[in-house]
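Notes for the one structure printed next.
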Amino acid sequence: MELTVYLAGEIHSDWREQLKSKAEARKLPLKFIAPQTNHDRSDDIGEEILGAQPGPYYKDDAASDINNFRTQIMLQKADVVIALFGEKYRQWNTAMDASAAISMGKPTIIIRPESLIHPLKELSNKANVTVETVDQAIEVLKYVYD
Amino acid sequence: MELTVYLAGEIHSDWREQLKSKAEARKLPLKFIAPQTNHDRSDDIGEEILGAQPGPYYKDDAASDINNFRTQIMLQKADVVIALFGEKYRQWNTAMDASAAISMGKPTIIIRPESLIHPLKELSNKANVTVETVDQAIEVLKYVYD
Amino acid sequence: MELTVYLAGEIHSDWREQLKSKAEARKLPLKFIAPQTNHDRSDDIGEEILGAQPGPYYKDDAASDINNFRTQIMLQKADVVIALFGEKYRQWNTAMDASAAISMGKPTIIIRPESLIHPLKELSNKANVTVETVDQAIEVLKYVYD
Amino acid sequence: MELTVYLAGEIHSDWREQLKSKAEARKLPLKFIAPQTNHDRSDDIGEEILGAQPGPYYKDDAASDINNFRTQIMLQKADVVIALFGEKYRQWNTAMDASAAISMGKPTIIIRPESLIHPLKELSNKANVTVETVDQAIEVLKYVYD
Amino acid sequence: MELTVYLAGEIHSDWREQLKSKAEARKLPLKFIAPQTNHDRSDDIGEEILGAQPGPYYKDDAASDINNFRTQIMLQKADVVIALFGEKYRQWNTAMDASAAISMGKPTIIIRPESLIHPLKELSNKANVTVETVDQAIEVLKYVYD
Amino acid sequence: MELTVYLAGEIHSDWREQLKSKAEARKLPLKFIAPQTNHDRSDDIGEEILGAQPGPYYKDDAASDINNFRTQIMLQKADVVIALFGEKYRQWNTAMDASAAISMGKPTIIIRPESLIHPLKELSNKANVTVETVDQAIEVLKYVYD
Amino acid sequence: MELTVYLAGEIHSDWREQLKSKAEARKLPLKFIAPQTNHDRSDDIGEEILGAQPGPYYKDDAASDINNFRTQIMLQKADVVIALFGEKYRQWNTAMDASAAISMGKPTIIIRPESLIHPLKELSNKANVTVETVDQAIEVLKYVYD
Amino acid sequence: MELTVYLAGEIHSDWREQLKSKAEARKLPLKFIAPQTNHDRSDDIGEEILGAQPGPYYKDDAASDINNFRTQIMLQKADVVIALFGEKYRQWNTAMDASAAISMGKPTIIIRPESLIHPLKELSNKANVTVETVDQAIEVLKYVYD
């Protein structure tokens, strides 16, 4: 049983690479897909494709058209969603993706540090499993195959 | 055509009361429903009903069981969802509710200050309308009846 | 059995008023809802609420945010959709609304002149009934109560 | 991640071939499907299979039975829909397909010339992304794999 | 708890009237809706509204456009569906309505004489309850309120 | 906001009456619906309506046709489901109803004694809230209106 | 684009074999699935697996449990459904399968002789295409690939 | 037509192995998936991954997060669900899984001993087929391919 796993969330650390190599080390039949993790590319993609916009609001709206197009495809293809929250930033995209995934019935894991227990309590409660580390997330995935 | 409007988001200002009185002044046939806006009550409701929990993580999880029960009922009853983001706090509940509403096909308005354009760009793009003030939100609702 | 009927389509003639008065004359328990039929208002609503936009594309996009918000509410409330195509204009909104209604499982009537049989053939084929006049549409609605 | 892309819209230019060859040049793992692009075949298919009909209305209705059968299969198989509007014709089929695709939750790109911004504003607003050229559409698809 | 009951099936006997008067006698809070039970009206409704058609096939297709429009509205409004099969006729409409109702998740009762047990066995098996008389059907409805 | 609450589960105690009188005492705008709570009636309803069956298996199957018809109507009408497990019996109907309710997206409360924590752990985890007493359940419902 | 085609309907002629060999001759990438076409087997399967039943009603009910299990799997796997009605028998299973397929959004072709136009008019009207011969059905399928 | 079969239920006997070897002996193209059948592992998985919990309730809740994550993936992947009830234990997980499967439209077989006919009557009635032995279940699966 091969599963496609969408990795939502933080794009300023290498957690996706860690997760992939741990999955490979355990020979889990997982295929990973992800949002654009190059932050500048993700911010600029609207103007890159649609041309210069008349200001930052319009630049942002053009970029999010294309980022949302990408995310919608990937959430629909995913069998499982993992969303990682880091300690910095507001990460409303991550919350949006996790909530959309749960609403679509996708089995969902949240990874967040202990410091975020309180502000994420309702979202954690709606997700299937909440863990603190990438290692724990990989153990949950591994358990599916045990 | 009476509509039920769920008012997600910030609970530290009186924006819900403002919206309601403006709707009444315009005689719009709207019924408003909302999350628990007493912050302490919302944090304590788990222990209040289920008894003392063995620590803050468990207290939070118990409270969110009950808060999510309430929100699920209200989102299902709502014809329209309005989500207001303020400048403080992480407000992941607000993002979670707005994203769930959009995923459920609920027509959705986001209210957020100009300063939050960038971090909210993907969520704004998925919502129907994004405005900056309660007055603008009420104008959008009024337009439905014009 | 009261039914709510959404009247999509042409906004340059008084067909909605004709339909309503014929329904009243027949004492059919129908409630009618409709898009904004003031063309200028519908084009300007974005700038009216959100303020001046940097050009016609952005003005149009802002207006359609709000028009789509209105239409989404009304399609969800409707038990029946009637879409009228006139001989002028491209009327892609009408086609969009009729197709969305059919995709949502709403029983749908199309009213169009004989001259439009060919270009509307696939959409007519997907709708439940296609007629040429408002009088025929009202006869179809009346038949539901016979 | 292979994606199936349904190419709705204009059948009087070679835009589908352009898109395919550009996708191949970029080695994107895309499979393209499309409506019948031979206009006469599409108009005549009803009488071709079901025999002569008693007039143009009936000929059109018979043809659209079969064209709609084909489109329904393809929209259900598609992961992504691209709809191209040209400057001529009313193209209500294109609007119908794009609206049905969006209602079915298919990530959707619209391609239209600048001259059609205004009449397509509500449909563009509901689609994920609207561009003006086939090259821009291919850049959006490529971004999914970057 | 008021329920709306759609009475599909045979139109050559007065079973609907029997059922209604028995429901009234028991003071059950039921509202009944039904297809057009005037057989000629149901056959002629297409030509009545759309004008003379070029032959019996086209007359039938026009009539069924309008009959299906009516049935679609009523099935969507129904909380419960009762379908009665008599011993004569092929009654494919009745089978179509019962199967559509079951597919839509509507709680469904079939009434059929003992002689039809075998040919209706798969449909009976998919319905919730199969009985032989109107009296039994009313007892099933009454049980809901006991 | 009036809510309809389906009370699944144990039929050998008066917990439904307790819940109703507590709801009334608190003036909560709740309407309660329930399965047949007369155990013998529920076991005999098949033979009562359909006549004697050829053995206990067939008697049970006939009864469950009609009990499932009733439950399906009620689950669809419910805004909230409460399922109470007692210490005796296998109560697979209660588990079936609670699981169906959760699968249908109904906000769900489980009431069970401490002794059943372990065997009900997965079902409790899928429900919104699990409590031990009727008083706690009423407090959860009251919180929706606070 | 490979398609799975479920062949509902008449089991007393070799129309399925004809269709398959014509599809092969045209090299259409179609996979065909079908109900049990051995009539006796289909009638006896309940007793064959579950043991002797106390009479014909119970024998039929046991058989239809298993036949419906098979059909539900196949309808869910199908991309396209073809239902053939012959001139004999009541064929309520065929009507049930066609109606279920249409309700599930499956693109559907009906094959029926001219003599059945009238009794099948509503079902034909809901299906995508109605033809009179296997040859016409194969032409419709072939058109999907042209 | 390959099918994926989820084997819910009893984990204290080797019925899954029996079923698999019988399927292989008959060369049925079936792929089997199952819950964690090591009872201790399933009870301990929460603490194994998330660390020691403050008591048995919390240990159980942590374990069920992860068990439900696994089950949700598997039910979504399954084409068919088989649920086996043994004579011991309360087996509420089995009832929960069978009911969820039925609610999701999965074709479902229940295996249970004669002694459980009465307590399982409503669940059996909602499932497609109920049998008493693994051999009968394999015969039902085989019939799909005959």
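By letter and in written order, the chains are A, B, C, D, E, F, G and H; residue numbering begins at 1 in each of them.
Definition applied: a residue touches a chain if its C-beta (ideal position, glycine included) is under 8 Å from a C-beta of that chain, and two chains touch if they have at least 3 such contacts.
Please read these numbers as outputs of a predicted model, since none were measured by experiment.
S.K.: If you take the chains that touch subunit C and keep only those that also touch subunit H, what is left?
M.R.: Intersection of subunit C and subunit H contact lists gives A, B.
S.K.: Degrees of rotation, nearest 5, to put the Cα trace of subunit D on subunit E?
M.R.: Roughly 180 degrees of rotation.
S.K.: Over half of the interface residue numbers used by both subunit C and subunit D, so same, or under half, so different?
M.R.: Mostly the same residues form this interface, as more than half of the numbers used are common to both chains.
S.K.: So how far apart, in whole Å, are subunit C and subunit E when each is placed at the average of its C-alpha atoms?
M.R.: 31
S.K.: Round to the nearest whole Å and give the separation of the Cα centres of subunit E and subunit H.
M.R.: One centre to the other, that is 38 Å.
S.K.: How many Å are there between the centre of subunit A and the centre of subunit E, using C-alpha atoms for each centre?
M.R.: 49
S.K.: If a residue has to touch 2 or more other chains to count, which residues of subunit C qualify?
M.R.: 65, 68
S.K.: Touching pairs of chains, which are they?
M.R.: A-B, A-C, A-D, A-H, B-C, B-F, B-H, C-D, C-E, D-E, D-G, E-F, E-G, F-G, F-H, G-H
S.K.: In the complex of these two chains, what residues of subunit C are touching subunit D?
M.R.: Result: residues 56-57, 60-61, 63-65, 67-68, 71, 89-93, 95-100, 102-104, 117-126 of subunit C touch subunit D.
S.K.: Please output the residues of subunit C touching subunit B within their complex, sorted ascending.
M.R.: 4, 31, 33, 36, 38, 41, 45, 48-50, 65-66, 68-70, 72-74, 76-77
S.K.: In their shared complex, at which residues does subunit G touch subunit F?
M.R.: 54-55, 58
S.K.: Which stretch or stretches of subunit H touch subunit G in the complex?
M.R.: It comes out as residues 1, 3, 79-80, 105, 107, 109, 128-131, 136, 139-140, 143-144, 146.
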